[in-house]
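Here come two complexes built around subunit A, the first alongside subunit B, the second alongside subunit C.
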Partner chain A sequence: MMTNSNQRLTQGQFSFLPDLTDTQITAQLEYALKKGWAIGVEYTDDPHPRNTYWEMFGNPMFDLKDAAGALMEINSCRKTFPSHYIRVTAFDATRGVESPTMSYLVNRPAKEPGFGLVRQEVDNRAIRYTIHSYATDKPEGERY
Partner chain B sequence: MSNDMSDAPITDGKKRYASGVLKYKQMGYWQPDYVPKETDLIALFRITPQEGVPADECAAAVAGESSTATWTVVWTDRLTACELYRAKAYRVDPVPNTGHGTKTEQQYFAYIAYDLDLFEPGSIANMTASIIGNVFGFKAVKALRLEDMRIPVAYLKTFQGPATGVVVERERLDKFGRPLLGATTKPKLGLSGRNYGRVVYEGLKGGLDFMKDDENINSQPFMHWRDRFLYCMEAVNRASAATGEVKGHYLNVTAGTMEEMYARAEFAKSLGSVIIMIDLVIGYTAIQSMAIWARKNDMILHLHRAGNSTYSRQKNHGMNFRVICKWMRMAGVDHIHAGTVVGKLEGDPLMIRGFYDTLLDTHTPQQLEKGLFFEQNWASLNKVMPVASGGIHAGQMHQLLTYLGDDVVLQFGGGTIGHPQGIQAGATANRVALEAMVMARNEGRDIWNEGPQILRDAGKWCTPLKQALDIWGDVTFNYESTDTADYAPTPTASV
Partner chain C sequence: MDAVKTVDLQAIVRDSNVTEVLDQLDRELVGLAPVKRRIREIAAYLAVTRARKQLGLEAAAPSLHMCFTGNPGTGKTTVALRMAEILHRLGYVRKGHVVSVTRDDLVGQYIGHTAPKTKEVLKKAMGGVLFIDEAYYLYRPENERDYGQESIEILLQIMENNRDDLVVILAGYKNRMDTFFSSNPGMSSRIAHHIDFPDYSQPELLSIAGKMVGAMNYRFDAEAETAMGDYIGRRLTQPNFANARSVRNALDRARLRQANRLFAGVGEGALNVTAEDLSTLSASDILASRVFDAPDSAERT
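Up next, the complex of A and B:
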């Protein structure tokens, strides 16, 4: 169990708030679509802070105009991976951005084991730090 | 303004270059018909002329002294393409609400164009040595303020620009769609390295993205820099493991020499820090050098604007902070303190928005109401993340988000560390307030009016936020701003 004030992983825009309801998720999807951003659904069983590439649950939905469609994808991902972390990412293709503009979690495992810190003591009191995801002690597919 | 014949530019070479003293207008520094080239730098000065000096002569004098002129005629001009090198004052407008019948003596906005070849490529030091070099002490003007500059694309392309930029910073930190949160470690002086790191750990674990050294934390008897770096990185990594988020602490590498700054930056890198920090007082060249180092070493570069108010605050003399913003984007910093609107430090909302636009836009249109006198194409230079710091608290979240938008680091120093339930609780209060407000805004709610209620509602399930609102909810800093836009809705005619 994680020991921060939320006792859970706090990546994403809304991890300090209570879990989003489908209505709240829909409102956020509509915000992104109104801005012309493409919505992508991604999942992982390795939430290490530097694990950039979560698995894509399909490509970002570039031509989608309707939030209900995106919510269906989210729910389908939740059904397929009920114990994984699932995040929604919005991509903005505007020149000067061309990068994600939103990212929030919509699913997480019931038990979040968190991370350990591995210290390698080197010269002059310096330490090389490795953040270790406890979940990855188990093989892929058996983590949550 | 009467253009009496005795002041007209002297075109006859023999007369023009006869030994003696001429008016600057006669020397050719006032050219009302001049149309600036796309490659010219343009500077806009606010001039308060000395008694009896006409505004156009004054503008010509500023153009002369900031380019080729000296106090007397020199024949050696004739060995050069001097007409090209001469800066040209081409427009003078009276500043609205100054002069007769107002509290302020008459001031003028003077537009001066400089040829690109007057400046060394990629050198803020060289550009500023001309534009603000001698001329601010010049006797013909009572006071002088550099209000804005238009930097041509051709010149911008000779600068590296921000080492990392907003887009890449967010990608590295894996934080999107909301302002970043930070806090400055307090008290800023006196903590030992061990105690200092404690504050960093608590703030980050509680929910902040960044903690920060203050501008004057370098290497003092109470805490030498290596100790600070080691303890802070322990704190950063512990907090990162506790939350699963990328965290950072701005390690201030400001020191007495470049050699020492490089040594400190290298040590920060070796410990795995994502960000280092410098102060504006190290100087333009040192800033450019650190920006090049930061690009080479994947480091975000935070700049504290220490010292700027000595020349940016008074309206009649010095330089406007938006000019510093432009220069720092060219010089290559990734963060710069640019005002809070609602906090304890100076700032009119529209002026601050002008600073933020200058740092963040790919292309800035002319917007006189924000003090942006020129259209500015940023030539794909990275964006600089503005930092809002000084006397802000969770109860102002709706105002901060409305005024400052998403691309900003909100720094709550006292508003985090002063929380009655401790630093973690303070950090959590700020993060909850922020996330609740971003969510509400995205849902289409009117956060400007509903903001206080949105915060109170979140306080119902988040005790630390409720406590923060109970203590600071009513704290405001309402002082009249000294730096406001002087503009008339329609452009005034040249006089």
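Up next, the complex of A and C:
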């Protein structure tokens, strides 16, 4: 389901492809900048699909002209959180749109334990299902 | 027989349209001969670097950080804008925009505020030129807890590591920049090009005034031009003279007086003004300046 056969998180764009190289990330950043979108870097160690709001690494980068600046920020985030999930978002600030337009992972932990299915028995022996990230059994900071 | 591999140097120059920018520089900027010569040298150097690259003679990217020193109003900012254009055409910077900052944009107000602030500016300048005006303000030796030093350290690091991504141009007055560099040897050694902007002479300033008036869609009548030359000659010797900037201010005041003269004329019965009247600065507009009646008084700004 959320965990595919090779134990990799598949969220956002390009997530079924091999990890993007820096050159490929630069090309994607250039695309977003050309469209006038602001780039943000976010990280988390709780990649549950319903965890929409990840922690922001610094402010979103408005008024950038070149991808090198954003890449610098991505690399400094990787250095700070080497085994967290890190994603890059592009935000379209056009009036009436004002929403993220791109989102893709640029860093993932070496080992991804994936998600397990949790069954809960409720009234009349009905079963409710949910998914649970194995990593979140451990406290924050020790998950990956 | 093996043909010797050649590269058409002319083609590189032609394709980049760099001569166009250089000619424009020659045409639009009066004087500044040493600056123009240095810029031509840099342009030639970059063209040769590109030719070398095409022949596979790899070399580390040249360091192009610069320092512009000179008195106020000698055209440092204007040249920095042109420099960005030249570097962009020769493919040295990717985007060719100029981010112009001063101390306020780089240095924060409390602990931990400076680094993000400086980094943000640097990120915006990536792919272009970062122009730091009055750069010597970054270093305040009288206050050892000043955050300027932190900003300088980040700048140095980026100047070294992201040499391909941005060009830093520092600008300031000559003697204060010299003090700045002597207390920051790391900064001095990372800047390859120190360019000094000379002061303008009186004829050069007059020709600048002519160009400025043209750009504002005004013109001098015959006596006004003589009066302007006279004005510049007197103004040159007074304190706080800021070269082209003083000339611009003088022209702005002359326009004010011209408007007032036309307005007064309406009251006296001259109802219609022609386009000619509206765009002509006469000698009286310039001779009304305080520079003429009190030769030794302090300058009005």
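One rule holds for everything that comes next: the second predicted complex is superposed on the first by the 134 of 144 C-alpha atoms of A that agree within 3 Å, B and C clash if a C-alpha of one lies under 4 Å from a C-alpha of the other, contacts with A are read in each partner's own complex, and residues count from 1 in each chain.
One rule holds for everything that comes next: a contact is a pair of C-beta atoms (placed from the backbone, for glycine too) under 8 Å apart; a residue touches a chain by one contact, two chains touch by 3 or more.
Since we're looking at a predicted model, the values are computed, not measured.
S.K.: Evaluate whether subunit B and subunit C can sit on subunit A together after superposition, giving fit or clash.
M.R.: fit
S.K.: In the superposed arrangement, does A:14 touch subunit B (first), subunit C (second), both or neither?
M.R.: first
S.K.: Who wins on subunit A residues touched, subunit B or subunit C?
M.R.: B
S.K.: Angle at subunit A between subunit B and subunit C: what is it in degrees to the nearest 10, using CA centres?
M.R.: Result: 100 degrees, to the nearest ten.
S.K.: With the two complexes superposed on chain A, say which partner A:70 touches: subunit B (first), subunit C (second), both, or neither.
M.R.: In the superposition, A:70 contacts subunit C only.
S.K.: Tell me the contact category for A:42 with respect to subunit B and subunit C: first, second, both or neither.
M.R.: A:42 sits against neither subunit B nor subunit C.
S.K.: Name the contact category of A:100: first (subunit B only), second (subunit C only), both, or neither.
M.R.: In the superposition, A:100 contacts subunit B only.
S.K.: For A:28, select first, second, both or neither according to whether it touches subunit B, subunit C, the two together, or no partner.
M.R.: After superposing on A, A:28 lies in contact with subunit B but is clear of subunit C.
S.K.: Name the contact category of A:58: first (subunit B only), second (subunit C only), both, or neither.
M.R.: After superposition on chain A, A:58 lies in contact with subunit C alone.
S.K.: In the overlaid three-chain picture, find the nearest pair of C-alpha atoms across subunit B and subunit C and give that distance in Å.
M.R.: 16
S.K.: Okay, in this complex, where on subunit C does subunit A touch?
M.R.: 94-95, 97, 116, 119-120, 122-128, 162, 165-166
S.K.: Show which residues of subunit B lie in contact with subunit A when the two form their complex.
M.R.: These residues of subunit B touch subunit A: 167, 170-171, 174-178, 205-207, 226, 230, 233-234, 237-238, 240-246, 270-272, 362, 380, 383, 424-425, 428, 431-432, 435-436, 438-439, 442-444, 458, 461, 464.
S.K.: Please output the residues of subunit A touching subunit C within their complex, sorted ascending.
M.R.: 58-59, 61, 63-70, 72-73
S.K.: Which bits of subunit A are touching subunit B when the two form their complex?
M.R.: Its residues touching subunit B are 2-5, 9-11, 13-18, 24, 27-28, 31, 47-50, 52, 89-90, 95-104, 114-117, 124-129, 131-132.
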